[in-house]
Structures are given as structure tokens and as C-alpha cells.
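Have a look at the structure that comes next, please.
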């Protein structure tokens, strides 16, 4: 049972969308925001030949990129108006080859904090109407305030 | 002082190049192999607007993608002829914003093994003639043999 | 919703108990097995002055030790008769100071495999009738077969 | 080549010793500080039956406990007078069974910071005059200021 979180900014969803739109790599991946709730963000993307590793599966780094953004924005939904979000570290376990037509990355806050927020993420591969878990992430975010050129 | 490793295949460099060429995402990142030695692989790429996070730095996931390939291929240089390489897990610490004109990711084997190989990686940002460390990775690879459709 | 796992050995619980009894450090920690099910093992221990860090909380390493055993034995419940279990790696996030009278560490299998098994763990601190999550772990186990002196 | 760090407190070594002496678990492990320099701390301990896993090797959690303290105190040598040190997260790769008569855990700062410090650690097993690397750690520390009951 996931805890219920109270956002500090009423416009948290708009803030996430604005920041996401500035992430050049999300365009490159063809990634889309498919859920924005307090402490929870989902990102979806389709398989494409430009996203693969040598066996034709989604590259672990691409799974990581989308999961990192999902987790980062999940944390960002709970941060203060003047905070930017940076990832300090993450760890990913690749449970199965990322084989699928589409992918959904779920980022969830486990423990929010003024400075440090901890999230977990899950990546699912979808094929027809089947889906299976291909990766799990744990990541640590930092809320950064008052650093030049670092917003959102 | 890094240990000296003996490759099991004389054509290890060619094998790495062939596999790397099949990684669609390396083309997408504009990444190039700049070093292939037993237990050591470097990958370089240039900053580009399609690789960024919201502050214009290289996205942590892009750093991860190139580091993961550098580590994976460092391990692959020491694997047997019939082995494919898969990443089981990795962890990355983002030490500083990945701000630079160019980036160099270094993958190094710490401990090779028949089934499990452990590597570490370092990502450097280059600006003019300056370079600084922006991320460190630890990753665990598995040598996979005899799985259909999984080679290289 | 956690998947249901089928153990390969009918005597999985007995095997876990026998191996646990041989872990000298579990005696040192005063740790006890409080749950053994296919893919799920819990370990409990009481706060003691010999288990603390400098602020009097349970040392992160002690939390790790009990979580690692809980995860390792969760994986072991699903392994074959002749397999021993070794931890390849784990990562732990310390979400809050481990302050409490008693602690419960839960190890759960996420993805079992013939060679590689991935688990996650949660550590809870208990004070009176309150409990809170203080740490999460992700770990990778290897089933080892036919290595001298390595059983259970 | 490791960077040279400048401690903020002249009495950094004394501060480490005083804090270490308050870690109950270090007494339980029979652990000793064998090196304290700016950004670098070593801890040594002997094998003992009360520190083992089921095969008689040092338990991965005991390796983690000593490495975590070595890393934590390496970071603490560079922190301000009023700061306490807490581990946010760590990841450990167990490269080989921790089989030996004695063990040396080395904690080294990679990146110090006002709030966040990143360290890496290496654990060596010693047998006669041989030593070998058995584990590597990456960890993230936080400097905590002004929290009641949290000092050193």
C-alpha cells in the first residue's frame, strides 16, 4: 500500500510537463508522460531500432533513461516551488531482456524529504495485451535550490 | 594498478566492434569506440541537444547508456567465443552535472569470471582542454551461452 | 501483488533453518527467523548496544547484514537441492535512522532463476506498537553448484 | 591518482576516533582504525566464528558494516565542525568469498561536498602474506547539521 503524498505546489503537474518538455533526450526516445500524480509519474515509449542494444532489445541504458526521468519527476511532484531536481545516484536490476513493442516506466516516491528523496521504479515491456516486468530501479534525488541555471 | 587480463579470443577487438555496430542506440547517441583492450573499453560522444535533461546537461540516462556499453564491452573482451554479454545490474553515482562539449566513458573489468564479471566505469566531461569526472558506475555482467538470438 | 513461487525442494524451510544456524553472525546479532515461505523470509532482532553506530541507532551495516540474510534465504527457498547461495551484490537505501526497540527485515524474491535470482528487502523499526520503514535493499544472488566447501 | 583533500577541522583524526569509539558494533566486530587521513580511513578486523555466514566466510553484511564505517569516516574527515555524518545509501559487489585470517577495509572519498559526499571502498582478505580484493563499495553520505542527538 503506497503512502498518500501532499504536493507543495498546486501546479505540480504543469511543472513536470514543462520540465519534461525541456529534456531533449525524451524527444529522442519518443517518450511521453502518461501519468502525473503526487509522488507518481509514468513514462511510455515505443520500441525503435535507434534504441536497441546488439540483440535488438531495448538498451539497458534507454530503460534507465526513461526510469530515471520517471523517478525524478515523481520526486519533483512533491518538491517546493523554487527547487530543481537532480539525481544523485540510481541502481537498476535488469530482470529480463527488454523485449517488447512498447514500454511503460513507473516512478514512485518511497520517501520524500526536504533535501533527499528516495524513489523506486519499475519498467514493463508490453507485447500485444501481455506485459511483464523487465527492470527495477532505486534512486536518490536531491532538491537543489538557488543554483544558477538549474531550474525544474 | 590495474590487473593484466588475457583475452580468450584473439579477435576480441573485432568482436566488440561488430557488436557495437549493432547497438542502434550508439548511433543515436553519436557514440564511438575509442579504445578496445583486454578488460578496457572507452566510448566517446559529443554533447547534442537531443541528449539533454532539463537544464541542458547530458541526461544521467545517456551517461548511463554509454557507461553501460563501455563496461559491457570491457567484459566482453574477456569472454569466450560463444558467449553473449548481458548486464544484470548497474549502479551509477552522478558526481557533478554532466556539462561539457564532449564526454569520455571508460569501462574497466575489476573481476572477470566464467559466468559473472564485475566492471567499474568512469565518465568524464571535456571542455576545451579541461576534463573532470562526472559519474562512476559499478556493474555486473553475465556471460550467456546457447540462448537463441543472443549473440555478441 | 507478489507472484506465487513453487519451491524445488519440499524441505526448503528446514534447509533455510539449518543454513541460518551455521551463520555465526546471526547469533552475534541475536537474529531469529520469523517467517519462511517460498520466496519470502523474515528475520527479527532486538536493539542492543553492541549493534549501534555512533548516535545509538542500529548501524547501517547491521541492517544490511540481517536484510542480506533475509534476501539470501528468500532466494534459497527456491533453489535446487544441490545449490548453495552466494550474494553477488546488494544496494541499500537508508531511508531513516534505524531507531527502535526491535527490527524486522523482510526478504522477497522478485525474479527467481536457475543461476541468478533477484530479491528486494525492507527493514522496519518497531517501537511499542508503531513500525516504520527504515531501509530498502535490492540484491542479486547466485546459485552455486559443485563448489567444494560451499553448501547451503 | 587520488586527489588531495584539505580537512576543515584540524582535529579530524581525533573526531573520527571519538565517533568510532561510540559505534558499539565496531567493538562487537573487533574492528580497529588503522589509518586516518583527510579523505581516507582504513579499518581492520580479524576473522572470528561470530562473524561468519554459513560457509565459514566473513558474512557479506560484516564486510559491509566495516566498509560502511570506513567510507563514512573517510567522508567525516572532511566535514565541518558541527556536522554529523549519515549514510544515505551504499552498494557493494562481493567479488570473491571473504575467506581470510584478517581483513582490511579501505574507505576513500571520491567527491566531497557541503551536503553530499561520495566515497568508494575496497575490502581485502589477508592470509599469511597474501592479500586479495573481496569487495568494492560505492556509498553516498550526507552531512547533517543541527539535528538533535546526532553528532559525530
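When the chains are written out, they are named A, B, C and D in that same order, and each has its own residue count from 1.
We adopt the following convention: a residue touches a chain if its C-beta (ideal position, glycine included) is under 8 Å from a C-beta of that chain, and two chains touch if they have at least 3 such contacts.
Nothing here was measured: the structure is a model prediction, and the numbers come from that model.
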{"item": "Centroid comparison with chain D (C-alpha atoms), farthest chain", "value": "A"}
{"item": "Between A-D and A-C, the pair joined by more C-beta contacts", "value": "A-C"}
{"item": "Chain centre separation in whole Å, for chain D relative to chain C (CA means)", "value": "22"}
{"item": "Computed distance of Cα centres, chain C from chain A, in Å", "value": "29"}
{"item": "Chain A and chain D: spacing of chain centres that average the CA atoms, whole Å", "value": "32"}
{"item": "Multi-partner residues of chain D (each touching 2 or more other chains)", "value": "88-89, 91, 93, 118, 138, 140"}
{"item": "Contact graph of the chains (line, ring, star, complete, other)", "value": "complete"}
{"item": "Residue ranges of chain D touching chain B (in the complex, touch as defined)", "value": "91, 93, 95-96, 110-111, 118, 120, 133, 136, 138, 140"}
{"item": "Chain D-touching residues of chain C, taken from the complex the two chains share", "value": "19-20, 22-25, 27-28, 48-56, 59-62, 64-69, 84, 86-94, 97, 149-152"}
{"item": "Chain C-touching residues of chain B, taken from the complex the two chains share", "value": "88-89, 91, 115-116, 118, 138, 140, 142"}
